Amino acid sequence: MQKIGVFVCHCGSNIAATVDVKKVVEMAAKEQGVFHAEDYPYMCSEAGQSRIAAAVKEKGLTGIVVCSCSPRMHEATFRKAAERAGINPYMVEIANIREHCSWIHKDMTEATEKAVILMRAAVAKVHLNAPLMAGESRVTKRALVIGGGIAGIQTAIDIADAGYKVDIVEKTPSIGGRMSQLDKTFPTLDCSACILTPKMVEAASHENITIHTWSEVEKVSGFVGNFTVDIRKKARYVNMDKCTGCGVCQEKCPSKKPLNEFNRGLNTRTAIYTPFAQAIPNVPVIDANSCIKLKTGKCGICEKFCQVGAIDYTQKDEIITEQYGAIVVATGFDTIKLDKYGEYAYNESKDVITSLELERIMNAAGPTKGHLERLSDGKAPKEIVFIQCVGSRCSDDRGKPYCSKICCMYTAKHAMLIRDKYPDTNVTVFYIDVRTPGKNFDEFYRRAVEDYGVHYIKGQVGKVMPQADGSLLVQGVDLLDNKQILKKADMVVLATAIEPNPDVRKIATMLTASIDTNNFLTEAHPKLRPVESPTAGVFLSGVCQGPKDIPETVAQAGAAAVKVIGLLAKDKLKTNPCTAKSDELLCNGCSQCANVCPYGAITYEEKLINDHGIRRTSRVAVVNGALCQGCGACTVTCPSGAMDLQGFSNRQILAEVDAICR
Amino acid sequence: MPVNNENWKPTIVAFCCNWCSYAGADLAGSSRLAYPADVKIIKVPCSCRVNPMFILRAFEKGADGVILCGCHPGDCHYSTGNYYARRRMTLLFSMLDYLGIEEGRTRVEWVSAAEGVKFSETMNSFVEKVRTLGPSVRLGDLRCKN
Amino acid sequence: MKYSYYPGCTLRNKAKDLDLYARKCAVALGFELEELTDWQCCGGVYPLGSDEIASKLPSVRALNDAKQKGQDLVAVCSACYHVLKRVNDDMANVADIQTRANNYMALEEPYKGETAVLHFLEVLRDRVGFEELKKKVVNPLTGRKIGAYYGCLLLRPSDVMAFDDPENPTILEDFIRALGATPVVYPYRNECCGGYISLKEPNLAASMCDKITSSAAGFEADCLVTACPLCKYNLNKSGKLPIVYFTELLAEALGVKEGDK
Amino acid sequence: MQELIHRAKSLLESGEVSRVLGWKKGENVFDVEPAFFATAEELENFVYNGFCGANLSKYMIEASTWEGKTLVFLKPCDTYSFNQLCKEHRIDREKAYIIGVGCKGKLKAEKLGAENILDVQGAGYPDCSDTLKVTTLYGEQEVAYKDAMLERCHVCKGKEHQVYDELIGESVDTCDADRFAEVAKIEAMSPEEKFAFFQAELSKCIRCNACRNVCPACSCRKCIFDSTKFDSNQKANTTSFEEKMFHIIRAFHVAGRCTDCGECSRVCPQGIPLHLFNRKFIKDINNLYGEYQAGVDIDAKAPLTSFRTDDAEPGVGRG
Amino acid sequence: MSKQSELIKEISGVNPLKCMKCGKCSASCPSFNEMDIKPHQFVSYVQNEDIEALTQSKSLWKCLSCFACVERCPRGVKPGKLIDAARQVLIRQRGQEGLTANEIPALLDDETPQQLLMSAFRKYRR
């Protein structure tokens, strides 16, 4: 039999103005098992909390009901207060008479009646509460970063600098990500490689960082502080320890057909390749789909020319298993496919390109060695049309409903760079809005217009029509002039929408991290916890969470690192004690609960059961309290009622139901 | 048995998952979006914690309507809980309909933590519906032919 | 294979070739077009107003007749195909139109968009197959450079028509290729010929058609092929290129054009 | 029948099985009950005839805990239950030697006017014929076999055994009705009619628990209706919650697991068509989540422990 | 007036509030130069409930129903449906018709297909 104390908060006038708190106290005192009831203006205050402690001492209370604001606000506060007063924190229940009562009802009688019922439900529940002990779990002091772009690199460096080990898993042969493909960066126009490469080198040479390139996360199990991750290290066919990165193999490789991914497929590469000159590690991989030796058994030229004997055609994929305390997702983005945007003739004309392709064309290491030229005939374009919002801000199924955020700025950058380097080339930008919120951003855009003479037209393009003479006829509209425009162009650049890397869905599933309708990872709270995923121990860095530019990405990467450091700095974590528990006397061992458990927290054991003196060996469910997150899916699936949830037991919830319907 | 008694107050139990719908109800509160006091909320960790027995018990003890609110499908804090809840409730409601229990006394609504307005509107419309149906009698009388 | 066939009013009259060759080619390709009895004119344009029911009824009747026979419904004229397909979509997916149309029709069993509406070209692509068609060609049109003219009605709105890629379709090009000729791709092939406007404002239609034929001629097309009598009529006025029905080309290639015309 | 006894004896003698699970003669020709037979002598009381409707699968739960193998006779429809129990780890397949017995439809004694029956010709195995000759106190009469069959046999799931070690005897697919016709008929009723129908049926219930005891899916070590976990047992069988909701909760607990073996309706002393609850769930599951027959595939995901992201919303289709 | 704008929304099934004023409709329209009120403006006229101007606009008779704007609109607004609805409001309510029977013979030639007549009837008349 519990001895329960009921504490009713006025919350100043927030509650007391609508709920007759004295009446609630009066009614509480009449409830069975209630040995103490009082009200106080601010229960959450220091003074309010000490009243609880005093009552516990004086009346020997075993359970506490606080009628106050939402448990989401102060449940933790009152649990701590109870603990200080010497009772188990899980003997506290909150009746939410503010958000769910006083704030939404006007009539005092009605609100008071409801508050009394909510109080009764909480009292009924506390009668059945049992002390729960939060368990502890060890924290593995190592972090995993998935994705080796600027977001992943920055997060890894920050964590490593704090003294913790970090592994980066990168799918492609080198770290560097999208940023390594860019030519210049806005709004400062500094060279992307010049600021990124030192970071790549720093990561690679950091004693606390291990980089797994050409690798993918295969499987994730465990929970915050204790993740176990299988990493597939794909066969590189090149011995990392022996290779000196001399590049002879690439010069000699006779297979030259595969499209160069790094150059967005604008040219080809060899079958053995490093994606770009500053690649880290500077060790090539063999693309098994194109390698003549691996496909036919004949060739072997690279092996012949490799002076250090680093080529190894017998390599196989390897799975390594590592333990981590925290995981950071930094999987970045790609541009959307343009197959559904036939009106822009992207698939029909080589001279209609995406902005990311233009980055490669402008880049000195790109397919045209940095010369701005048409891919169809190599001629210098004299008229270039940029089209904004291609696939962004679309509510139909062709594109994405969101603003890709970076396009306005990089288009201004491209326009400016072209006008600077090729003053006789005209640049026209069709835009819907120019969005430039950011430090020095609008100034940058204005510079493109005012100093560089870039022609901005407010309006969209309806159709791009390749002409018989090889030019492109652009049919658009100038909304401010209210005129339709037919413009002959030599090149059309599409500000193509960005979308999260398609792999993120697979990774999110493995991590049980949630994802929104656009495949962006969801943050735990959009404002207050923007770099944490709702899954404990999983953090977000970069565009996988939402469109952002480089400075924002780096800032978020640092923020994610801080959260990881905060976690790894702890030796042990408290676990949620409101977990499922199976009564082995009742368990049939039918496995239905395990089928619905999202965490793999339920296993089965053959156990010797002493059923009121009768001994038998039975197959019974056992819940791993460290894995269980307390959703309760198993409890409803269990036909015999053996599985119950601590803190939300069948009897507790039924007692609440009964109290409300009484 | 619809009653025209203006003063009749239905008893309504709302099960709300901790992560989305309970927070949505909090938001309705902090936004001062009124709904009838007939609604009493029971917090559960996830919509999948709601055993059909809880719902039947509520009716048996005198509830006139029971509503279950959870995270939108795809947004479950526990990834998949609401999908199981959805199947269970679909079958339970279909069974109640089969038994001739008035539809409209049970409902499932997905309400996110950001949908205070939806929470309030849902409760308003649900209470309105239950009011038109009057006190719940049938489930209690299922085994008591006079 | 037997299909219900909806010729449409123009094919009874000014576009007899389009109809005749379609029937002949069907025989040559081994399928049967069974003309619906008592079909009524589709109206030529799809009634856009969501509250228009009466003007949709002739299409519903044709669709329901095909359903009764358990056959897919084939049209050759682009406009008929367009109207039939869109009305069918309404009957399947727009509850209000479905209810009201069925109330008018008072059928034994309500019509709910069960019939599949096919354009003759779709029959060639999806049922016969262009590879198979190629094998049946006896007079390959080798050396001919033919521009496909799609116009609007076959392609748009693509969410309902689902005929081909609305901006870069390939079905007519594949068709031309199957007949042994060389397709000419030009950007105006899915631009409007002016449609009904040519009745009252022939000059406006002419200027539009001129853009189309000039563009095709610029890409060195010998002729344009179309499935629509109105497109043919409008385009013909510009006089730059000969305009032929696709069934005529098909008949020629299959060797069934000459003789008992 | 002699063949079955013969085979049982030889398996017992060879020591391959330690006991036999079958049906035992009762006082009357239609009084047949499940029984374990430990010796060849006991097998003299073994019977297999048209009244052996009882599904023996559930008895294998207990038999699985005993030493040695048990020979069990299963009709085609019983094997679904056997499989389902294997899936739920309640039965050890290795502990069973299954003889799949032929079945030509089982009889419902009540349909023959049970009380005065002295003898029924044509109900035995293998002499099942199209007509039954019934000898009663008041003389002889003839009944078409089909007319005396259990409801479940009219919606027979088929003559194939889902699991067995050997087969003896021919089976006949006796299905001549739509399994879901009755459910559909009720679904088409007005809410008032539905309620009146079920109220009338459920009011007959005397809470004898026969349905629960016979049900192969209701095999919990301790039923929640007898458990403290739901506060439902304070006053034995008399709390009104339990009384009113028993059949709904029971149907829900077996939803997705019920093989529709029909034992509940067969044993109900009040003649309540209890299968109508289970079949409603099966019909909904088939319609909403794809065809699913419990007990066919041991590895299949059960409908209530799986989901699709585009599942129907609760209440959809109810207007 | 507002009643008429409601009617237009109802007939067309279009929600003009979805428009983000990108101009893609006007950029796609083959009759743009013939129109006094441009496709992207249809939406504003309905929003502003200036139906009078819309129904008097010659744009009503210039739209070819080619669906290029419908196809390419990124917001699902479908301006072509709006203009058709405005045309219907006009011909339904006032009996104003863009084509009279007397005019027709003069407009025909030997080749005129039935389809043209049918379409024109549908477009210009009730």
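Brief remarks on what is shown
By letter and in written order, the chains are A, B, C, D and E; residue numbering begins at 1 in each of them.
Please note the rule applied: a contact is a pair of C-beta atoms (placed from the backbone, for glycine too) under 8 Å apart; a residue touches a chain by one contact, two chains touch by 3 or more.
If you're wondering where the values come from, they're calculated on a predicted model, not measured in any experiment.
Each step here moves to a touching chain, and the least such steps from chain D to chain E number 2.
Common neighbours of chain B and chain E (chains touching each): A. Legend note: the chain whose CA centroid lies nearest the centroid of all displayed protein CA atoms is A. In terms of C-beta pairs in contact, the better-connected of the chain pairs A-C and A-E is A-E. Greatest Cα centroid separation from chain B: this falls to C. Using mean Cα coordinates as chain centres, the one most removed from chain E is D.
For the pair chain C and chain E, the distance between mean C-alpha positions equals 24 Å. If you average the Cα atoms of chain B and of chain C, the two centres end up 53 Å apart. Averaged Cα coordinates give chain B a centre that lies 36 Å from the centre of chain D. For chain E, residues that reach two or more other chains under the stated contact definition are 68. The set of chain A residues touching two or more other chains comprises 343, 463, 596, 637, 650, 654.
Residue positions 224, 230, 304-305 of chain D are each in touch with at least two other chains. In this structure, the chains touch in the following pairs: A-B, A-C, A-D, A-E, B-D, C-E. Within the complex formed with chain C, the residues of chain E that make contact are 10-13, 30-31, 34, 61-62, 64-68, 70-71, 80-81, 84-85, 88, 98-99, 103, 107, 111-124. Partner chain A is touched in their complex by these residues of chain C: 165-168, 185-188, 215, 218-220. Those residues of chain A whose C-beta lies close enough to touch chain C in the complex are 341-343, 345, 347-348, 463, 465-468, 473.
Interface of chain A with chain D (complex): residues 583, 585-592, 595-596, 604, 616, 619, 637, 639-642, 644, 649-651, 654-655. On the side of chain D, the complex with chain B involves touching residues 183, 186-187, 189, 191-200, 202-203, 205, 224, 230, 240-241, 243-245, 248-249, 251-252, 255, 277, 280-281, 284-285, 288-289, 303-305, 307-309, 311-316, 318-319.
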